[in-house]
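What follows is a group of structures, each given as structure tokens.
First chain A sits with chain B, and in the next complex the same chain sits with chain C.
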Partner chain A sequence: MFTNRRAFLRTAALATAAITTAALAACGSDDGGDTTTPVSADQVQAALDKGGSITVWAWEPTLKQVVTAFEAKYPKVKVNLVNAGTGNDQYTALQNAVAAGSGVPDVAQIEYYALPQFALGKSLTDLAAFGSGELDGTFTPGPWSSVKTGGGTFGLPMDSGPMALFYNKEVFDKHKIEVPTTWDEYAAAAKKLHAADPKAYITNDTGDAGFTTSLIWQAGGKPFAVDGTNVKLNLADEGSTKFATTWQTLISDKLLAPVGSWSDGWYKGLGDGSIATLVIGAWMPANLESGVPAAKGKWRVAPMPQWTAGANAAAENGGSSLAIPKAGPNNALGYAFLKYATAGEGVKIRVDNGAFPATTAELKSAEFLGKEFPYFGGQKANEIFAKSAADVVPGWSYLPFQVYANSIFNDTVGQAYVTNKPLADGLKAWQEASAKYGKDQGFTVG
Partner chain B sequence: MTVLAPPTISRTGQADRGRPARRRRSWTGWAFVGPFMAVFAFVFVAPIAYAIYLSVFRTRLIGGTSFVGLENYQQVFTDPQFWSATWRVTLFLLVQVPIMLVLALLIALAIDSGRLYGKAFFRVAVFMPYAVPAVVATLMWGFMYGSRFGLVGNINDTFGVSLPDPLSPDLVLASIGNIVTWEFVGYNMLIFYSALQVVPKSLYEAAELDGASQLQIIRSVKLPAIRGALLIATIFSIIGSFQLFNEPNILQSLAPNAITTYFTPNMYAYSLSFSGQQYNYSATVAIVMGILTMIVAYAVQLRGTRKDK
Partner chain C sequence: MTTHPHPTTTAAPKPAPARAARRAVRRDKQRRSPLLTALTALMLIYSLVPLVWLLINASKTQEGLFSSFGLWFDDDFALFTNIRDTLAYDNGVFVRWLLNTLLYVVLGAGGATALATLGGYALAKFDFPGKRGVFAVVIGAVAVPGTALAVPTFLMFSKLGLTNTPWAVIIPSLISPFGLYLMWTFAASAIPGELLEAARVDGAGELRTFLRICMPLLAPGIVTVALFTMVATWNNYFLPLIMLKDPDWYPLTLGLNAWNDQAATAGGQAIFHLVITGSLLTILPLLAAFLFLQRYWQSGLAAGGVKD
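After this line comes the complex of A and B, so read on.
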């Protein structure tokens, strides 16, 4: 169904390509000013009192309840929550709307990895003008540093994805495999499992940019260094090499299920035990509950396997912010909603509905940490996620054109999964292709 | 258009009256042709002109838009990704199109021979896939190609064999060719069949009286008679091959590593535009590909019509 919908979207998008591009150039040269005039809290309150209607583009499911509560609290405000597509589909729509200068939403969901690209394209409002500085300390360090990019604060963290190891306990028990604590143990477990049951794999992977960068992040790699418009790429640094070496053995020994994430086969594999683990962000439980109801009670959560035995390193995987496009009609009202949803009462509503927060208060609350997940056999999984959030390796940054770089990941790194090309060479090819794009786009690439 | 040409002015008319009269008449002509010209300009000329306009600029994330003349075109001609895509569709054209057209021709001849039982059924059955939208057809084939959960996987499990994965990088082009053949064999068959229907039956009788065998009739009467249809079908297929997009684009989600973002020229233009925001370069790729397609189609047409004479 997912494939179907995306295919349709793409086809539809292609059909309107000519029209879109036409609209783009017509307004492309319209370059608004860079300066954002400060907006005081009083002005935001005034906007709330005055009322009006705002449009929010987001696909995050729990925002629905937030909108209902927000409208109940501020009856004069009408919020149109629009699902303009997930991830890239929405970014394409947003980029086109911004370029065309019309139909721009007041608030948009933007994943952390995509935020720098929009900030750099001067499409977003610097929230410092709204006094976002007062929120220092409200959010956990990882997401907070992710939204502070390019000398401003271009979004407020909505959720986060500190990674953990999700594993099918039933499969592990059946084959008497220990839960791996290091990546070497993970590779050994992969071998043992596949030998015991040729239909079972430790995990699935067909080449996923988000996963790869997260693992390099955890390994301490810093392949992307960004300073304004100066970009340095090095996908052969120590962390990247650690990842490439371990993952190469899994690929070469055919220990990874060749199933794409979010496909029908993936859900099936997670349910029947043929995909035994997932190393993924803390937003996964809600997806498991809805997508793999049959495996309820079989799965457990453990900390991420480590690159060095005994270490406590983690990384983020996914996670989104809410941002205000500069061209949005009502920035002040947009900010009011933004703050409500990410730092105000909206947070509790979202957590209650299964979201994983990015706010320190919620992450530390006893109620949140003590929550027992029936899906994980009553395990208090949030304790592990919260610990992971605190252990995220600092200093990571994405490319200012990560959206594009991720789109060509399978052209380059993906080849290592289907041919004899080494993974390290694939990473090198990815680096070169991304660097070329960066140069074409006017960055100084070193 | 010849109907609308102004009639020649009578030679006996006075010279000073001739000029205004001619002007009035030419305005009348434009009034008739105007609505068409407006639609033509808006629907056909404007998009192409706009693409050409786009192709001489470059918009960057840092630095904005600047005029670059023909630099984008220079870049296309040295772009390995563009040429690998073009080579791939050329290979597709050289292999898939002949197979599809020969199959279509054989079926058309078989149905036309009148020796087939259930002729109407076969005609509809072979044509049916053309009525299935390409998106649906590709999804359907994609599920069958699946080596884990699809038909291929089921065959492997049931018979304990290990068929090669149709979605592996080596085979994926052939798998797409299979889908396209399935989709368009019926369409081409119908073109050939309708062309065969208008061949005068007296020619067959004459040939039979002269003692020609069925094969000879096909070779010397039927094929020359439908050369026009063959040519048209070939040109359509060439254009279709160069514009290959739907099938690989949909299969990409099933085989992301086998089908790159520059698998075909159209896919390349699409991802340049929608993932990379390189509208200018994308427009350039589209124009160059359009011209290449026209050249190849025109060359085939020239060759086809020369034989005709």
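After this line comes the complex of A and C, so read on.
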């Protein structure tokens, strides 16, 4: 769900930056003019009966099957599913289209971390107008609170990524390492493993904004406090410091494989045992099955290591919502598809094709929980993921300019991974650079 | 993602009259320096290694990519399976992208070459008021990278309702300030003014003079510009990225990137072997164009630099 853009990122970020400024400036001028007229369920049904065509921008692979089923159920509706790029590429395109006022899709996939940016830029429809309130309790708390941002509901959760520890059991057994339950044990396991086999690492990390924020989230940190356009940043709070201290030992002792996530080297390391664990979102099994077929049967899943022994804290990692851009041509039909895909029959279709749901009904269903994963040696991994989803620490929020902040993560925090600069200093530099950007965008940054 | 042949290594300017060439060779022999030879060899290796890597790795399966040494072949040779899979993946979308790229190159690069030839000839051989102004604009335009103009162009095109259509890629590709400048200097030196006068005295119209007399003289320059614009359009990434959202209109560059991104998507299928094989297939037409046209390209570059 995170994309690791390399050379191109900078250009894209610049283009995004230029256009976000324009979008925010525009929103400043008509502040308070946010009047979305309510659309009743009957009107949505009428739009379905009337038919028409809608465009959906998404890169999530299982939506293909959802579209097929949707079109079969509503033959008058034609859905153009367009992969307009993964993550950042698509956000740039969406912001360009919104700024230009044409070519805006009816529905767009937006990751949770990016949603506040679009919501506050007033590019998205507040789904409360469509009666999204009735869906209270449909989704797990983590994703549901992620889409309720900026005083409205700006998307419906499509999938979620409650985190778990994926580990290569073969490697652990070979070196007689216990599965860590706390982060201290994790660091000890890292040392033991690397000493036993200098080619093997506990995990890979070259600095990943999504991973770092997720771990701070689990540690109880609340580095970003957002109230309207008032933003507070504190990447030195208790949770952030817990993360920085533990991770600093792993960096200083060179216990992290210098391999970027999602690269070819990463898939290789996951396959040959040189990357022994991943602490990552519950959507990972599908990627392991298709990207690392060689390691089938060797991997297992365990609950996330804890910051306090005996605790049950978890965090979300990645995950996307589907949202309706305001400038989209057919909002009512867009919402019909949105609901079908995220809370209707689409959910089961997506789960059957390997996606991880954000709906409580699926997470509690016996069929879902009882599913045995051949890739994990027959383990019922969903039990662990579902428990993690229930244990997500509440109260987290992302910055309303998180897309930009994440794009500069490697320039600031990333330095700690390649130089002797302490991680805490890197986080501080990230905070300062992000705060400065926020101020330039017109936010009140405290 | 796309490895493009380096003009500096493929295009060694030279061959003129045979005598001069022989003299040059003799002088080179005396001056041959082991250091320079070594440096050139190093440069050659530097340029070829990526190509060799691509060729070798296109013959591996996805697992083979991870389990074998990067610069040598794996046990099972899967090049042909890979090519078949690349062409068939996702209902043969690769072929569609290839045809799109060809369309953009034929119309975009072809049109750019035609416009540059006409404009360059006119600027070199006709006097009109404002010529210095045109010169200044063209030189200025050469200095502005296309990437910098992509976003403003996008906003303009979306006002015209042309985004997400092939025209959004073709129309901006038609403009090649560098090609125009090259044709201008080339035409100025390749077409003697006396020849034009003789043609006019003999009663040939301007169009006939251009098509029958000047075009053959301009051929090497035209091929050079055609190659330049072809490479630029074939490898164009940023402009289509901004303009196109519908994968049905993607050129190969965007398509391969989309395939590569699948590996970075939750639930996505990692297809590194198809990305690599696809990249190999993508550069083949360009390699062929260079090999067939390099004769013209060399003389074009050389002649463009000669002042008489």
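Definition applied: the second predicted complex is superposed on the first by the 413 of 446 C-alpha atoms of A that agree within 3 Å, B and C clash if a C-alpha of one lies under 4 Å from a C-alpha of the other, contacts with A are read in each partner's own complex, and residues count from 1 in each chain.
Definition applied: a residue touches a chain if its C-beta (ideal position, glycine included) is under 8 Å from a C-beta of that chain, and two chains touch if they have at least 3 such contacts.
The shown structure was predicted, so the numbers you read here are calculated from the model rather than taken from an experiment.
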Chain B versus chain C as contact partner of A:267, first or second or both or neither: second
Partner chain in contact with A:414 - chain B first, chain C second, else both or neither: first
Touched partner set for A:82, first chain B, second chain C, both or neither: second
Chain B/chain C common contact set on chain A: 3-4, 11, 18, 92, 264, 268
Sites on chain C touched by chain A in the complex: 63, 65-67, 147, 150-151, 154-155, 158-159, 161, 163-164, 238, 241-242, 245-247, 258, 261-270, 272
Touch list for chain B against partner chain A, complex: 47, 50-51, 53-54, 57, 59-65, 135, 138-139, 142, 146, 148-149, 168-169, 245-246, 249-250, 253-254, 256-258, 260-262, 270-271, 273-279, 282-283
Partner chain B, residues of chain A touching it in the complex: 3-4, 6-8, 10-11, 13-14, 17-18, 21-22, 24-25, 28-29, 31, 88, 92, 95, 117, 120-121, 206-207, 229, 257-260, 263-265, 268, 400-401, 403-404, 407-408, 410-411, 414-415, 417-419, 437, 440-443
Parts of chain A lying in touch with chain C, wherever the complex brings them together: 1-4, 11, 15, 18-19, 57, 59-62, 80, 82-87, 89, 92-93, 96-97, 99-103, 105, 159, 161, 262, 264, 267-268, 271-272, 281, 283-284, 286-287, 290-291, 293-294, 318, 353-356
